[in-house]
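What follows is a pair of complexes built around chain A, which joins chain B in one and chain C in the other.
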Partner chain A sequence: MTFSINPLFGLVLFPLIIVVHSILFKSKLEKDNFTKEALIISSAITPLYSLYCLLLGHEDFSSILNGYTLNFVVSVFPFEGIVTFLLDKFSLIFVVLTAFTVHICMFVNYNMSNKKYVEMFILLMLIQSILTLAFLTNNIIAFYMLFELVLIPIFFIIGIWGSRNRKVLAAFQLFLYTLFGSLFMVFAIAYIYVTKGTLVLNDLIGTDWSFLEERLLWCAFFLAFAIKIPMVPFHTWLPEAHVEAPTSGSVLLAALLLKLGTFGLIKYSLALFPDASWYFAPFVYLVSLISILYSSLTTLRQIDLKKIIAYSSVGHMNFITLGIFSFNVQGLDGALLIMVSHAFISSTLFILVGSLYDKYHTRVLKYYRGLTVFMPILSTVFFIAVLGNLSMPGTSNFVGEFLILIGTFQKSPTTAVIAGLSIISTAAYSIWLYNRVFMGRLSIHIHQTRDINYDMTLPVSIVLIFLFIGLGVYPKILLESHMTPLLIKTQL
Partner chain B sequence: MVNLVLVVLFTGVILVLIQPEGVFFGFDHLIRFSDATNNIKFLVLTVSALLIYSCRVYLSKYLTADALLVLLLSIIGMFLALMAYDFRLMFIGLELMGISFYILIALDKNIKSSIKAGLNYYVVGSAMTAINLLGIVMVYKSTGSFNWLNQSQINLFLGNDSTLSLGVMLIIISLLFKLAAAPFHLWAPKIYGDSSLFMVIFQGLIPKMPLLFIMFSVINFVSVSSDLSLYTLIWLSVCLSVLLGSLGLLFQSNFKTIFIYSSITNIGLALSAVSNMSETSAQTLAVFITIYTLMSVALAILFFSFGTNNLRALKGLIEINPYLAIAAALILFSLAGVPPLAGFYSKFSIIYNTMYNETFIVMIPLIIGSCVSAFYYLYLIKTCFLDKPESKTPLFITYYQSLSLFVATGVVLLVSTKPWLVVIISGTMLGMGETIYV
Partner chain C sequence: MLLLLLLLPLLSGILTLLFGFFIGRNGAVLMTVFNMFLLVVLSFKLFFDVGVLETPISLEISEWFSSGSLVVNWSLHVDALTVTMLVVINTISFLVHAYSVSYMENDPHLQRFMAYLSLFTFFMIVLVTADNLVQSFVGWEGVGVISYLLINFWFTRINANKSAIKALLMNRVGDLGICLAMYSCFYTFETLDYSSIMLLVSHSLEDFIVLLGFEYNAITIISFFIFLGAVGKSAQIGLHTWLPDAMEGPTPVSALIHAATMVTAGVFILIRLSGLIEYSTAALTFITIVGAITCFFAASTALVQNDMKRIIAFSTCSQLGYMVFACGLSGYTVSLFHLANHAIFKALLFLAAGVVIHAINDEQDIRRMGGLINHLPFTYSLTLIGSLALIGFPYLTGYYSKDVIVELTIAKQSTHGYFALWLGSITALFTAYYSTRLLFYTFLNYPNNSKKVFKIAHEGSYLMLIPLFILGIGSIYSGFITKEIFLGWGSTFWNNSIFIHPENYIIIDTLFLPDYMKLIPVFASFIGIYLFINIQILYTTPFIKSNKLMKEIHKFLSNKWYFDKIYNTITKTITNIAYNITYNTIDTGYINSITLGAIYKHTTNINKTQNNTSKNPLNTLITTIFITTTLILTLFLIN
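Up next, the complex of A and B:
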């Protein structure tokens, strides 16, 4: 089917309208009795509409860099040109993911007071609009600007609603690490504009670079994305930020902000500098392998529940870079699948740990033991989420990791074998985590409370579990090979 | 009396607006009128009017009527130097500006050490005037002319003349001193530390635009393009200003020193555009000065609203005055260069200019400087939003302050949403580009 109206209008405008509305009527909303319900319903429009676009309109934008566009002519020194927002299927997957994750965060925040909820709602909606635009845009400088702009709301989310005093340090680290990396990227962007005179991605694909400049530009882009993914040794901001952030902040970070890095690698690094990507692939393998092994080993010695999930995120995200730099359809499709499934699985884990924190106000693992005794529902749900995290067959992580290992094996069998070791270590720390928290005799430090069936955690996590198991059983929705056009276009 | 000064400034704005476009010379090529000088005059007049309007309560309390006249005299000095097409007029204008500034600092009755500051400023400033004069004499000895007309042709004919290049270097050094660019910046924290906040902001912000333009003209008209020592000096100044300004900014607890060090960093960035002779650099300089001035005047009006110089006043601002806190966040994020706020466009234009002129050396100080100063601006935002206030009493600001803060922050925000506005506001792009070919 074709749309009579450009679907981009809806996707971009809905969240912006809601933001403006809620800022204007903030004081009225804070007093109202059904504010949270009203806001949840009103913000459900975007995820539903984007899902509608994904399921029904796929003939119109079946391949990467081809679809509906929305153009703005920008003329400001030094750049003059067109900023395009382009809706292809690859970006649309991330738009749907953004809309759903932000909507899930609203359920997660349900226990907040009305005032806090409205303030958080405004920041969440801002993040949704910024990220939607960042995933849709086709102009490098616009992507860079949105990539940086999203730091402002997440800085306030961590800084204001974080749990401990260390939150300031975490927010600063998040902000400054990204700023540092992206400064190199903005130098590279300026260089591209000076030499080629355009910043539109479609025009830049296939341009010729000299050996040195292509590699330097690739390095500048890679530094910005590597900090965002994050790859060892730039990963230290992530555990800090996850530990200090409120639950919805952690969900946003894991599900969306880290994806900006891998998304950027596919859409910008790979498409703009294919030769340099090919040249540096062994280097990326090395860094990814170090990150995977280091993160899974260091997860074993962590005692903070959120840090464990954060370090396991580092491992999964670096699996994605392995897949991206295998340069074949299996690897790239696996990377796309893990990007989506990691969003679901780590969100589930963060939400469940957040509900534990709300009950006992500690995340230190040593205080927990034997929760199965009086929390059967939480234990079951957590167990399924842990199985998802260790890539159990039947969950979407399994399909993704399997595809990535196939893809990597074609390029470099040694890398695939070493990366395969992580299957063991992931299982080790995940199962050990579950074992320490839920099994055994009841800890003396915790008092018995209600199970999670009395708040919003249960429905949200069950929906997420259905999503990642559904993707594991029927991954074809994401694997319709819209990566092939990218590979053809960049001649990889 | 403050009203009278405002009327004078607005009359000046109208006079500037009705000037015809194009380049004109007067008094046998002594004075030059051009679009660039007009636009800089427009910016100087509006920004100083905004500053004076926001502090009118302060000014009528602590400054006498004759002090305000001296203030106007300093603006006349700036304009004379700005329009100069000749070393004699440039010298007279700069001296008029300098002497007015020494007197102005001493005349402020708000702070006890102001006379000491004025005297210190006078002593250091006179030494630099001597250096300026020596430079002018050396250029005269070598070229036989004070006028900038055909100066560059004479220079090409002369080739690498050491007297000429030393003279130009001395003039540039005296200008760098007046701009408070490193390594000639050490007087600024000392002397401005002894004077009041209004004087720091008026003298640290308003003369920057004309001075940078004068420096650009001197380098373009007088220097020899192959003169490497001059460029070495300016590159040294760029690197040192950005690094020392941003490192000096760290953990300052006084509004005056925050403002001074932030201006040192930004002047360093602006100098990186001065030192390249191309149309792109002229445009970059115009965009950068405009945005920097707009952001700084917004920051200055914000600092004025607390009635104190101590950083503690910012603590927990979101609880005692949320609108002021949001304005502070906008201004500080803009200064940190976070897109799409106005500060990003100025930073990007500088980066573009370094790439365009292939002066990659500035990358390293720029990255370090941006990160360090972004850290400190973030620290200020953290003080506003995340700290607990010292007292829960709501903070009220005067009508004048709120109106001028609204205007200043509004302009910064408008530039962010509609970036082409900077082209209209600065308007200097074409004007400064033309100067190269005149």
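Up next, the complex of A and C:
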């Protein structure tokens, strides 16, 4: 079907309108009795609307980078025609993911006081609007600005709602790391504008660069994205930020902010500099392999629950880069699938760990043991999430990893074999984590509390579990978005 | 009807697991056991339809995922191989379900246990009914995870935890093999369906895969990867350590998982992909050698173990070795025949061991048993039947298959064939030795435990004994009944579900071997029994006790060839590297000293002196970056 009104208006404007309204009526909202319910309902508008667009409109924008259509180009900037937004299915998937994750965060924060809840809501909606724009924009400089802009709300979320004094350090680290990487990106963007005179992605695809130029520009872009993904050795900000962030901050970081890096790699690096991408593919393989093995090794010996999940995120995210640089449909499809499934699975884990933290106010693993005795529901839910993390068949992570490694094997069997070692290591740290927290004799350090069936954690994690198991059993919804046009267009 | 095969155990498992509290103990028991009974009926019907009437069935349910030329379906393929496995799995599983009701009756988590058993059966059925490698892998991983849960059923025990983790991780190493096999299969054949792979193999004999700079024949490398998977699941030497440790779980679990179903998955996958492995002589030879070594190694270790279940576990490992080297000698039918027979008598032995352990206050050490023949006569007679079937006593179930396997090694007329012959025959001797030892120490020996224990020793309830009885009948007759179907000359039962390359078709040759060769395993068994009586009952060979060499050998065997020790050292090294090098030296060392050190200084300053923020160099840095970028941007935008 076709839309009578451009759906971009809704997607872009809804979160912005909500942000403006909640800032205007902040003091009123803080006093109201039904604030939380009202805000949850208002945050449900965008996910529903974007999901509606995704499910109903797939004939119109079925491919990445307007392989078929360019129907929904709008210019909403004072500079007419400079900043365009393009709705393709690839971006739309991330818009849905953003809206949905923010909505989930609203449930996660449910136990906060009204005042904090409203402040958090404003920041979350701000993040949502920035990320929506970042995913939809078709202009490199706009993407860069939004890529940077999203740091401000997350900086505040970590800096204000974090748990310890170290949070300031973590927030600064996150900020500076990203800033450092994108510094090179902005010079590259400036160079592109000077030489080519345009920054619209579709106009730039297929332009001729000299090989040296292309390689240098690719490196500048890659550095920015590699820090965001993150790849070893630029990964230390991630565990730090995760540990200090509140639960919703961790969920946002893992589910959305990291995806900006891989999203940018697919949409910008691959499309703009196909030759350089091809040229650097072995290098990316090497870095990804090191990251995968390094992070899974490091995860083994962590004792902070959140650090374990954070380091395992590094491993999963680097699988995505492997998939992207395999330059075939399987690899790219798998990359997309893992991007979505990692969002669900790591969010579930972070939410569950967050609920543990709320109960006992410690994240140190040594204090926990034998929680199954009086928390069977939490134990079950956590186990399913752990199965997702170790990519058990039937969860979406498996299909993603499988496709990525099949794609990589086509390009370089050795890489696939070495990356395959993570099949063992992910299982090792995941199941060891579960075993140490939930199995064994009851720890003497913890007192018995309620299971999670009386707070928001249970419904939220069940929804997430349904999502990642549903995607694992029937992943066709995501695989239909056809990465082939990108490959054809960039002649990879 | 085929879908019921999957739905019955899945639904009963999930419902019992999630709503066990609401349906209660009786509800859970009724639901799971009744569903299993239906499954048994169903699988026998399928055995008749598909096996006897020779009509394989394929059913495509829906597409799972597709990407480019890769298409993976949810679909079922039921042929003679599958129905044989189904009958074995479901029958044993049903009996174990019934047995557990009584065995676990005092456990507060009976519902959870029954649910795990049902889910386990479900994944096993997924594994055998799949028509492509990926769907098989779902079952393959699923049984691994459920076995983690089952071994860990009494989750407060540290030993159960350790063994469960070990089982999962060792299996994961094997899973790596299956995964790599899938990737290389797709690389070579562009498909993952069993039937398409079988068709394409003969056209891809010259294909190669480049790994680490070396060219390998594609068929060979795929076979090796598949075999790595089989090594993990079927507990072959190298990755076997999880199997004896898995005995920490409840005994019915050992009977179901570690005798009849999960450990046979590796052998099953070898048989399922016979059409591929047959074309690689190197892989076949390797499989034979590894199988034979496993067979010998496990039997020799079982000689000196003292834990009742552990002896049976090592015996399982050793019998799996027989099955695997039979596959290596292209005797897939024989291997499957032995698999089915072994499932029956090994489940019988495990369940009988469960009755014994239950009877004498959960004591598992055979040195603290003895004299139980007076208390448990029924269990004794069934253990005797099981042991005789295991050691291949003539005309019992084990005899028919083990005999043919040893005959195959002779008929193969090759070096690795004779290698397997020697090790297989010595294993037959060892098998007789440790089986007699188990029987003697448990039932016949002078009682070695306190009077209190023997006073409460009692035969199990009927619910426990009836499954034993059925398995006992099976151990006596099933080999005789099914031999002609499985191995008979001209039997068309297999109906193309198993492929044997004409050059390797030696099963006919076994029929024409001289009689004395056919009786090698039987002779070996008798020698084994004779040696046991001489050495450990009559002490006619006292030199063994005082001999220093013998002591060393005993130490070596009772330490299980030091595999655990080696693996512990490796794991310790890896985890130390993980902490000392990657985390401590690099992450929080070098990287943080470069990046974090500077920030840390200033951020801590911020905390201490709130007023001084404007003078903070960090803020200056950030401001500078912002200003420069904005300047550059505006410059270019104005342009």
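List of remarks:
Throughout what follows, the second predicted complex is superposed on the first by the 476 of 492 C-alpha atoms of A that agree within 3 Å, B and C clash if a C-alpha of one lies under 4 Å from a C-alpha of the other, contacts with A are read in each partner's own complex, and residues count from 1 in each chain.
Here is the rule we use: a contact is a pair of C-beta atoms (placed from the backbone, for glycine too) under 8 Å apart; a residue touches a chain by one contact, two chains touch by 3 or more.
Everything numeric in this text was worked out from a predicted model, so none of it was measured.
Contact with chain C, but none with chain B, is seen for A:Val417 once the two complexes are overlaid on the shared chain. Once the two complexes are laid over each other on the shared chain, residue contacts for A:Gly470 go to neither chain B nor chain C.
Counting residues of chain A touched by each partner, chain B versus chain C, the larger count belongs to C. In the superposed pair of complexes, A:Gly10 makes contact with neither chain B nor chain C. By the document's definition of touching, of the two partners only chain B reaches A:Leu151; chain C does not. By the touch criterion defined above, A:Gly159 lies against chain B but remains apart from chain C after alignment on the C-alpha atoms of chain A. Residue contacts after overlaying the shared chain place A:Phe184 against chain B, while chain C stays out of touching range.
In the superposition on chain A, contact is made by A:Tyr193 with both chain B and chain C.
On chain A, the surface patch touched by chain B in one complex and by chain C in the other comprises residues 79, 141, 168, 172, 175-176, 179, 183, 186-187, 190, 193-194.
Every residue of chain A that touches chain B in the complex is listed here, in rising order: 74-79, 141, 144-146, 148-149, 151-152, 155-156, 159-160, 168, 171-172, 175-176, 179-180, 183-184, 186-187, 190-191, 193-194. Those residues of chain B lying in contact with chain A across their complex are 280, 283-284, 287, 333, 338-340, 344-345, 348-349, 351-356, 363, 366-367, 370-371, 374-375, 378-379, 382, 385-386, 419-420, 422-423, 429. By the touch rule above, chain A contacts chain C in their complex via residues 79, 141, 165, 168-169, 172-173, 175-177, 179, 183, 186-187, 190, 193-194, 233, 236, 240, 294, 297-302, 328-330, 333-334, 370, 372-373, 387, 392-394, 399, 402-403, 405-406, 409-410, 413-414, 416-417, 420-421, 423-424, 427-428, 431-432, 435, 438-442, 473-476, 479, 484. Interface of chain C with chain A (complex): residues 63-68, 70, 134, 137-138, 141-142, 145, 148, 152, 155-156, 158, 161, 164-165, 168-169, 172-173, 175-176, 179-180, 182-184, 186-187, 209-213, 574-575, 577-579, 582-583, 586-587, 591-592, 595-596, 599-600, 603-604, 606-607, 618, 621-622, 625, 629, 632-633, 636-637, 639.
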